[in-house]
Structure formats: C-alpha cells, structure tokens
Amino acid sequence: MDSMNKLWLSTGLANFELGQVIMMLIGCGLLYLAIARNFEPLLLLPMGFGAILTNIPIAGFSEAGGFLSYIYHGGIETGIFPLVIFMGVGAMTDFGALIANPKTLFLGAAAQAGIFATLFGAIALNAVPGIEFTLKDASAIAIIGGADGPTAIFLATKLAPELLGAIAVAAYSYMALVPIIQPPIMRALTTEDERKIEMAQLRPVTKVEKVVFPLGVLLMTIFFLPTATPLVGMFCLGNLMRECGVVDRLSSTAQNELINITTIFLGLGVGSKLSAEEFLNVETLGILGLGAIAFSIGTASGVLMAKLMNKFSKVPVNPLIGAAGVSAVPMAARVANKVGLEANPHNFLLMHAMGPNVAGVLGSAVAAGILLALVGG
Amino acid sequence: MDSMNKLWLSTGLANFELGQVIMMLIGCGLLYLAIARNFEPLLLLPMGFGAILTNIPIAGFSEAGGFLSYIYHGGIETGIFPLVIFMGVGAMTDFGALIANPKTLFLGAAAQAGIFATLFGAIALNAVPGIEFTLKDASAIAIIGGADGPTAIFLATKLAPELLGAIAVAAYSYMALVPIIQPPIMRALTTEDERKIEMAQLRPVTKVEKVVFPLGVLLMTIFFLPTATPLVGMFCLGNLMRECGVVDRLSSTAQNELINITTIFLGLGVGSKLSAEEFLNVETLGILGLGAIAFSIGTASGVLMAKLMNKFSKVPVNPLIGAAGVSAVPMAARVANKVGLEANPHNFLLMHAMGPNVAGVLGSAVAAGILLALVGG
Amino acid sequence: MDSMNKLWLSTGLANFELGQVIMMLIGCGLLYLAIARNFEPLLLLPMGFGAILTNIPIAGFSEAGGFLSYIYHGGIETGIFPLVIFMGVGAMTDFGALIANPKTLFLGAAAQAGIFATLFGAIALNAVPGIEFTLKDASAIAIIGGADGPTAIFLATKLAPELLGAIAVAAYSYMALVPIIQPPIMRALTTEDERKIEMAQLRPVTKVEKVVFPLGVLLMTIFFLPTATPLVGMFCLGNLMRECGVVDRLSSTAQNELINITTIFLGLGVGSKLSAEEFLNVETLGILGLGAIAFSIGTASGVLMAKLMNKFSKVPVNPLIGAAGVSAVPMAARVANKVGLEANPHNFLLMHAMGPNVAGVLGSAVAAGILLALVGG
Amino acid sequence: MEHLHPLFLEAGTLMITGMVFVFSFLGLLVIFINTILAKLALKFPDAVVPKKSKTRSSVLSNKSNTSVKGISPNIVAAVTSAVTQYRQQHSTTNRTKK
Amino acid sequence: MEHLHPLFLEAGTLMITGMVFVFSFLGLLVIFINTILAKLALKFPDAVVPKKSKTRSSVLSNKSNTSVKGISPNIVAAVTSAVTQYRQQHSTTNRTKK
Amino acid sequence: MEHLHPLFLEAGTLMITGMVFVFSFLGLLVIFINTILAKLALKFPDAVVPKKSKTRSSVLSNKSNTSVKGISPNIVAAVTSAVTQYRQQHSTTNRTKK
C-alpha cells in the first residue's frame, strides 16, 4: 500500500503544475512546427524536445545533476556550443558571391537596421505594464533581427540569459517564417520593373581571394571590434579551413559530424531554458512581437538600400536581393530568387542574393559585437 | 645508481599488488571474450582495456587528475554517456514490428519478471556470509535482467556505483551469451508444434504512426513514471529524429559518430570501476550468479506469456518470440528466429521477434524508472 | 559622444600592446607555413589561429570564462586531447613492417639519442644569460627530438606548461622540415654503396601477431615503465581496435571524426599558449635551436646505428631507413625512400622505413615515460 | 535470517508492484497503438509511391532520362566491382593520411 | 513615462552609433575587397585547369587511361542505379547493425 | 658556471639511464616478437583466402553471380566517372544544406 502510494506520488500526474503543462504544450508546438511545417527542424526539434524534458515534474532535468543542466552550463553558458556551430557555419559558407560583388555588403549592412530599430522598440515597450527591459535585455532581444541563430544565442547568453528561451524561439521561428514575412514587404517596396532587373553574371573568384578574405575580416574585427572576435573569429576559422585546401579533413568534420553533434546538444540546452517562470509572461509576447518587427524592418531596409544604391550606380542591382541581407541563410536568398522569378521567369537571383545573405551574417556578428562592447560591460 | 634505483621503484614490477594482477587478468579475459569470442565487442573491448589501465600501479589512471577519472566523473557519474548512447540506440530502433503487432508488448512486459525476481533473489543472497546487499544494491543488480547495457549502467551509477563494474560485466557477458542461455529454456518450455507456428505477415506501418509513437511513449512516461524520463526521453528523442524525416543529419550522427565516440569512452569509464577492492569479493560471484538467473527467468517468462496469450487469442503467436522480450537487441530476436527455423525451415520469425525485442527495451527502461522511484529516493 | 568614446576604447587599436602584435604576426606566420608551405597543416593551422585569437586585446579568449581557456583547461591541461589523438594515431598505425623486421626497433631506439642529447644541451644552455632551464624544462624541451606531436604536448603539459607553446611550435615545425633537415645528414653519413643496398621483401604478418603486438607492448610498459602507460596505453588501444577486426566502427571513428574534432581543439588550445610573455624571450630561441639539434642528432644516430647493425648481421640494412627512426610518421619514411631512390632507382625503401618509423613512436613514448618517472615526480 | 524479514517483505512488494506497473504501462501502450495510432494511420496514410523507388527514379531522371531495365548483369557486375574498388581505395587513402 | 527618458536617449545613441559602425565596418570590407583582394587576384590567378575536371581525369588516368567520351547514357544510368543501390544497401546495413 | 655542475651531472646520468632503458625496452620487444609472436604466427596462420578478394567476390555473388573478368576498360572508365560525379554531387549537396 505504502509502495503504491509512493509510486503514485512519484507520477507526473500527481505533481504537474499548470505552467509545466503549458510549456510542454509549447514544446509540442515547436516539434509540430519542426516536423510538419519544416520550420528550421535541425534546431527546433531538439529545442522543442528539450522544452518538454525540462518541464517534466520530479525528473529534474535542469536541476543540479540533471542531464540538461550539464548541457546548459557546460556548453551554452560557456558559449562553447554557439561558437562551435558558428565555426561549422563558416566552413559551410562560400563567400564567392560576396567577393565578386562587394557592394552587396552595403545591403547586408542596411538590413541590420532591423536590429537597432528593435533595440529602440524594446525600450519603448517598457511603457507596457508588466514589461521591464533593461538595456541589456533590449540588446539581446534586438539581435533577433540579425536572423542568425548562433549569434542570437551567444549574445542572449551573455546579456540576458533569463530571456534565452524566448529569444531563441523567436529567432528560429521567424527565420523559418522568412518565406511568409518577406515577400509582401518586398513587393510593396518595389515596382514590377525593379523586380525584373537582371543582374550580370558574377566574375569567378580566385582561390587566393577566398583564403585571404576570412583573414582580412578577422583582422578588421580585431582592429575595430574585439568584442565581436569570438563570433567572427570562429566563423573565419571555419571558413579558412574550408578554403585553404590543406585541412579538408577538419573542414569536413566541422561541417558535418561536429556541427551535428553540437546542434543536438545546443537545441536541448536552449530548450531547457523554456521554463514556465521564464517564458510565460508578457515579456515573451513583447519579444515575439519585436522579433516580427525586427525581421520586417531588416527586410525593408535591405530593399530600400538597394534602391538607393541604384540611384548612384551605373550597374543596377535588383532590389529584391536586398531582402536577403537579413541573413537567415540560405532561406532569404531563396525567397529573393523566388520573388524575382515571379516577375521575370528568366531572372535567376539566387547566386546574387548569396552576397547580401552572407554579408548579413557578418553584419549581425558585428552588430552583436557592438552591443557587447557598449552594453555588455 | 640513485637514478637506477628511482627508475626501478617506478616500474610496475616493484609496485604490483596481487589484486591488481588479478584484475588485469580479468581485463585480458574480457578482451579475449570480445575479440576471440565476439562477445559484445563494442563495449567489452574498451571495458576490458579500461580494466587493465585502471589497475596499473603508479600510473594513476583513476586517481584525481588521471585520464580515466575525468571520463568516469565527467561522463558516467553524470549519466551523460549512457543517455547519449540510449539516444543513439533510439535512432537505430525501428518500432515498425511493434506497432504492427502491439500485443507483443505484453511479451516484453512479461520478460521483465527476470528483473523483479532477481531483486528478490539478491535480497535472499544476504543469507550467504560475506554478502550484504541493500535494497539499492539489489535493484541495481536486478536490472541486469533487463538485458540492456545503457539502462543497467545508468541505474547502477545512480543506485550502487561501487557495483557498477561487476554489474556491467555481468550484463554485457550475459547479453553475449544469449545464444547459449536461451535455446535450451525455449525448447524445454515449448512443444515441437508450438515452435512450428507460422505467423502472419506484419501489416505495413505508416510514417505518421512511427513519428507519433515515440511521442506517445514519452507522454505516458511523463504521466506515470517521470523517474524513467531520462532514459525513455533520450531514447524517444533518438527515435523521433530517426522517423520524422526532417533531421536526417542529426539522426545519422546520433547513430554513428556520436554513439561510437561515446561507446569508446563509456567502455573505458566503466572498465575503470573494475578495481580489486570493488570486484574481488563474494558479492561479484553473487552478481554473476544472479545475472544468469535473471536472464533465464526473463526468457522463461516471455515464452510462457506467449503461451498464455495463445490461450486467449484467435491469432496464434509463436511462443519462441516471447524469449526476445528480454531485449538484448537484436541478438535475442535472432535466437528466436534460429530456433524457429530448426523446427520449421520455412518459419522466419525475425521480424516478428523484433516486436517483443524492442518492447523489452521499453520494458526495462520502465522497470529502471520504477526502481529509481521506489528505491532511489 | 560618450558612446563613441566607449566604442573607441573597446577597439583593438586603442588597446594593442607590442607583444600582442608580434605574437599575432607569429600566428600569421604559422598560418602561412600551414597553408602555403603545407607544414603539418592539420595542427599548425588551428594553432596559428589560436595564437592570433589569444592575443586579441579585450576579447579575453584565454582569460577565465574565455573560449580558449575552456579548451586549454578542459582538454590540454587534463591531457585528454593529446591522449585521444594518440589513440587515433594508434588506430592509423600498421605495425606490420615492424613485426616483419623486428630489428628495426633498434633503429627507433637509437634515434631517441636526439632526445637525451638535447636534454643535456638544454642544461648546458643555462650558461647563456637570460636562459634558466630547470631539469623539468630541459626534459620537456628534449622531447621535441621525439618528433611526435601528441607526445611532446603531453609531456610539456606535465613538466613545463609555460613552455608548451614554444615546444609545440618547434616540434611541429621541425616535423614539417624533416625533408629539408634529414637528407644532408643522411648523405653525409653514408656511402653511395650503402645507400644502394636493396632490402629483401618483408614477410607477410598474420592477423594474430598484429592483434597480440599492442597487448605485448602495453604489458611490457606496465611491467617496466608505468609512467608511460597513458601514452602507450591509448596508442595500443587504438591499434588494438584497428587490428582486432570486431570493432571497426570504433576504429574508424577514432581515426576520423574523433581525431579530427580533437585536432581542431588541440590546435586552438596549444595556440592559446602562444602569449607574448611566455614566447617572446631568449628561451624560445634556445628551444628552437635545441629542436634543430635534436632532430639532427636523432637522424644521425639512427643512420649510424643501422651501419653498426650491418657490421654484425648477415642480412644487411640500408642505413637510410635508420633516419626514419625519429618518427615524424610518415614523412621521415618517405624521405628515406626518396633518398634511396636517388642512389638506386629500383630501391623502394618505403615499407622498410615504416618499421623504424613506428618504432620511433614507441621509442619516444618510452622516453617520455622515463623523463616523467625520473624528473616529473 | 530473522533480520532479513523486513527487507524480504519490501523486495516482495517491489516485485509485485513492479510487475503490475510494467504490465499496466505497456498495456496502456497497446491501447494507445490500437486506438490513437490506428486512427492516425487511417487519417494520414503514407503516399502511394514507396520512398525507395521514388528516390532512385528521380536520381535517374536528373541524369539521363533513360530506363534502367535491360541492363545486363555483366555491366552491373562491372559497376559493383568499380564501386568496391573505389571504396577500398578511398578508405586506404584515408588510413594512410595522418 | 518620464523615467524612461534616459534609457530612450541611450537606445537612440546606440541605434545611431551601431548603424554608423556597421556601415563603416562593412564599407571598409568593400574597400579591402576592391583593393587588396583585387590585387591578390591579379597576382595569384587560379591555375588554368579547373580543379574538378583535373580530379576526375587524374582518377581516370590512374585507372585505365581511356577517354570518357562516347559513353552511352544507358551505361551511365546503369552506373547511377548501381551506385544508388550500393548506397542504400550500405546505409541499411549501417542502420541494422547496432 | 660552477653552480651548473650538479644539474649537468643529473642530465648526464639521465642521458645514459634513458638510452640504456630505451634500448633494453625495445630490445625486449624484439625478443617478444621473435619468440612469442613468431610462435603465435605458426600456430594461428591467417586463413588462406586473402580478405580483400573475399569481400569483393562476396559482394559480387550477392548481386549477380557473374564473373568480373573481361570487362572493357571503357566501362570501368564510365563507372569511375559516374562514381566521381556522384560523389561530387553528393558532397555539394552536403555543403549547401545547412
């Protein structure tokens, strides 16, 4: 009898709190988005699963000695997992399109307006009762506009770890929603003729350029923004391994096994921050709203910047590729390509959009560095 | 001269203790079983090697700062390695046969009688002088009957870490011995006619069923047995990654590189617990004896359960597949197939035996959760 | 304004110290050697990159909480990374040539004279003002003569961690320079006729020999030199996994993904020890000089030993393969082959040189064990 | 032996509780499969074309739009041997490169 | 709302500083590409033979020294199918082996 | 220089002890190979059929039971090229998918 009672007291049914149930449903929602809707499944699947596990009563996944607490403290709080992922992303990134058409860097720069406008918006939200964002919180939220997962996780961990769950959910959800968020904005801000603009084929880029480029980026970051060097440095290391041609073993491992292993644990660890007390509040709603605004402003800024550049340059740029400047690699570039094809069935913008796309990755890493330098101290 | 003396004093020959020599011989024995006899070599080889290393005098592999101490404390004591392995096993497991013929779950349930009978037996062994098993010890020993390595290691680490070495040796040895232990029991408990029973081909299972199944299992575990969620949760995560079809990268890594890396270190770490003071005693003999009993009772229960089910069901079940309920995936299923072929050369039971086989994995994870809930507190 | 000032104060330009700039240039130099000159790129590329990162002002890569500090303290100070690499190297090593012609072990033994002569030389260098090497320092430096990266890193970490950067740079640089350092010495010490000596084809080696060999080596190390068992043990584990034929999954992972992952982090972590205060001093010059001497003496000793063996043996040995005894696998064996081909275009020494080559790996692991036993206490 | 009594009792209770629980739990799982999963299987049947053959034909159509039928076993043997050789070479390369 | 003022001011400054910095930084990168990288590209052009075809031909020459031209698409289809089959088999094996 | 004396002496002793030890150790290993391993090699010789060709033929027999002899180098070239192409495609796919 006693034993039956003890067993009953150790069931989940006898110990559930409402918040846990809701968070587990949210975890299930993330799984649904990942599996049925193909929303950034590589991260949202382990993240949703982590959200479920961390909210199981009694099991203590995120308490001292729990499996997820080891992952969170060992890999995420230390920044190791996002940096390793960023190295892998660097090893997957081909800067060829960017080097062939460097002015697309300005598109990637313009799209970061999404970040800084959101920062302002987050502070403005303090007017709403129940929301109190410090400048650190606001900066961590703003980076959602960077549309780059590891950057957002890295910065949130440093500036506002208690918001990490909500920020990661917002960042990856909106990255997955890019094909829905961006096209209307892109169409609204461009004329049919602009969308029809065909771009000249990109010049071939030499191996030496591709090898020196990551080193140049790193050097400039060291000179002007050392706080961005963890992110930019690991990204450039990955890219250098990819391009140098002498460590293909390492490059391949960084792009495959290492990033896969780290992704599983990063997702679980981030999911473990989806606890009721940290997620179920008005602030999360504010973060979700701000995230949508950030993506929209970033998209618009990129498109408008391209139109502005066309005013001053002889070689025209199709303004659609400006939208790819928010990063969300390679989804945003594909969206630009797709919207371009609608206007002109012979207009293949994919390669051209890869320039602002990868520029956006650098841009948001730089923006993260600025926020760390000015707010993180 | 002084230098020669110092060198002599730092040789193994000058420092050996008898216990260490014996344990190194046992380590060699494990290597022999792994290499020459193909006894679960993936784990027994690193485990035997770890047993040798940990018993080297002076080298201090398992002392503070020693290589094996980092592995043990970092990966095994924390439960990380067995859970990561269990995720990989989940990613390798196909629940199709189980979903197509769900009543085989009862066979997997019945075979867990091996666990609980052994628990009783372990307490009874306290009558033998020199043996003193607490209820925690007995529970950790009993799980050997689950015929599932990571589950046994996980539970032993939580309930009786000082018995981990002996329990792991017993669990993996008997899993390797399944083709020798099971057939006589299977033949003794069945008639020729029963062994000849052919089973209908399994219905195809849809993708949706396979995706929802691990989530359902997890949900039920959360509701009724949260203490089993570390094991069941990681297993279901692996299985979900396998079946959902959107994270094949992660699933493949979990099944290959990640599980391989972890297996090497898990084996070494478990081997490091094979020290003379913890292994060379009457209790180890007791554990080895109890392990054999556990496997036998589990096998018998599975077979008898199948015979019982045949009394109540129109669709007959070949009782041989009941023996696969002890898990020991996929060895026990192959044994059922082989014994079936002896009786009826057209009787291919392999697929049918996979149902109880994977049910046994769930069953012993559930049993481990019960023991943790009732004894672990 | 305040914000601009804060941003300026957080730039690298405002915070550079001369030492950091020099060390970053040295890091760039290592990258150049790795990429353009193909100098052991698998390690020198991440190491050079680590040297750059660790010297970035403000970024704090190697300070408490910095990315590289986690890697260094977690993986290198503990000895885990070099040992895991050594396991992988073991899994890549084929002892067939050595077992077929065991007397090449004496060539591998003779080449270790480079280590012990350098130890003496390092103490002698104390006469130079500004240099003060303890016996531990000298031992750590001497191991450069072993021409084996993981062994050098492992020993340096234990005996003289503040010299680790310089020692690793010297070890890997000279390993890459083997094709330049060795041939003149080899030609100077041999006659044309000696270089023309053709060697009989090696007998085939059975699987059982290859499986038992690593166990025999481990056993002898346990008996006579337990302090060498971390290195020798992990090496033998890797080799046993390779040869036993029952754990190919593990062997393949150890040779590929696991060693690749570890190499990236080992390189970064070793690079993080290239700080100005520890590298920019006369001692580093001393270490670089001693390294060159060590390689030269090792080469000469190997060649001379082969000539000595020819005086006593009927079956002649081409003295060129003695030079391969310094290890630097497989570069030194290729050099022996190449110099041999110059003298006699039909003289393929590669397989014969693999014997002393892998013997040299064992030899320097043994030497490291001796130094640990006599100096490390 | 007397002092074992309470432990024995506990072990016995554990044995019964445990087996009951395991059977109930896996029994519920049987019900879950027979109800929820069965309904899901009816509602979301798999697409008709099996995955494997789809993959193969798409690979083919990308390449040459020809039918695979009628290829002599000789050619398949050649192919298989070439692939095996390629693989072996590849893995050898991997091993020697350090 | 009054107490938000200083935070607002800070956020505004941050916004402007940030955007200026991002544009300057990426602008410098444009200059870097247009000057240094451009010079490097002229000085160290890629070898004429593109890498891909080099690899292929070297593989071929190692094997049989014959030309690849004139191979019927039928054979290529056979090969592709064989490779696909091989791969599938291989991955299946991988999965079942535990 | 006087104060170096004891260190020198230690280094010298170390040098001699070390070399003696290394030679003895590897010498013992020579004996180990010449005695124990040699005996083992006689007692457990390798199976006659070399591993490689066994693997290949088994792969073949699983597939088509035909002989590989007499395959024109042309076909092997086609195969090799197809495999190379396949590989390249495959690795490209891998890279672009993030």
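For reference, chains read A, B, C, D, E and F in written order, and residue numbers begin at 1 within each chain.
Keep in mind that, in the parts below, contacts are C-beta pairs under 8 Å (C-beta built on N, C-alpha and C of every residue); 3 or more make two chains touch, one makes a residue touch a chain.
Computed from a predicted structure; not experimentally measured.
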| item | value |
| --- | --- |
| Topological distance between chain B and chain D, in contact steps | 1 |
| Numbering shared by both copies at the chain C-chain B contact, with half separating same from different | different |
| Remotest chain, chain E as reference, centres from CA atoms | B |
| Pair joined by more contacting C-beta pairs (C-F or A-D) | C-F |
| Separation of chain E from chain F, taking each centre as the mean of its C-alpha atoms, in whole Å | 33 |
| Between chain A and chain E, centroid-to-centroid distance (C-alpha), Å | 19 |
| Euclidean distance of C-alpha centroids - chain C vs chain D, Å | 44 |
| Chain F, residues touching no fewer than two other chains | 10, 14, 17, 21, 75-76, 79-80, 82-83 |
| Chain C, residues touching no fewer than two other chains | 3, 7, 224-225, 249, 256-257, 370, 374 |
| Chain C residues within the chain A interface of the complex | 3, 6-7, 10-13, 15, 24, 28, 31, 34-35, 38, 41-42, 45-46, 49, 52-53, 56-59, 61, 65, 67, 70, 256-257, 260-261, 263-264, 268 |
| Chain B residues touching chain D - in the complex, by the definition given at the top | 98-99, 102-103, 105-106, 108-110, 112-113, 115-117, 119-120, 122-124, 126-127, 135, 138-139, 204-209, 212-213, 216-217, 220, 224-225, 359, 362-363, 366-367, 370-371, 374-375 |
| In the complex, chain A residues that touch chain D | 3-4, 7, 249 |
| Touch list for chain D against partner chain A, complex | 10, 13-14, 17, 21, 97 |
| Touch list for chain E against partner chain A, complex | 1, 4, 7-8, 10-12, 14-15, 17-19, 21-23, 25-30, 32-34, 36-37, 40-41, 43-46 |
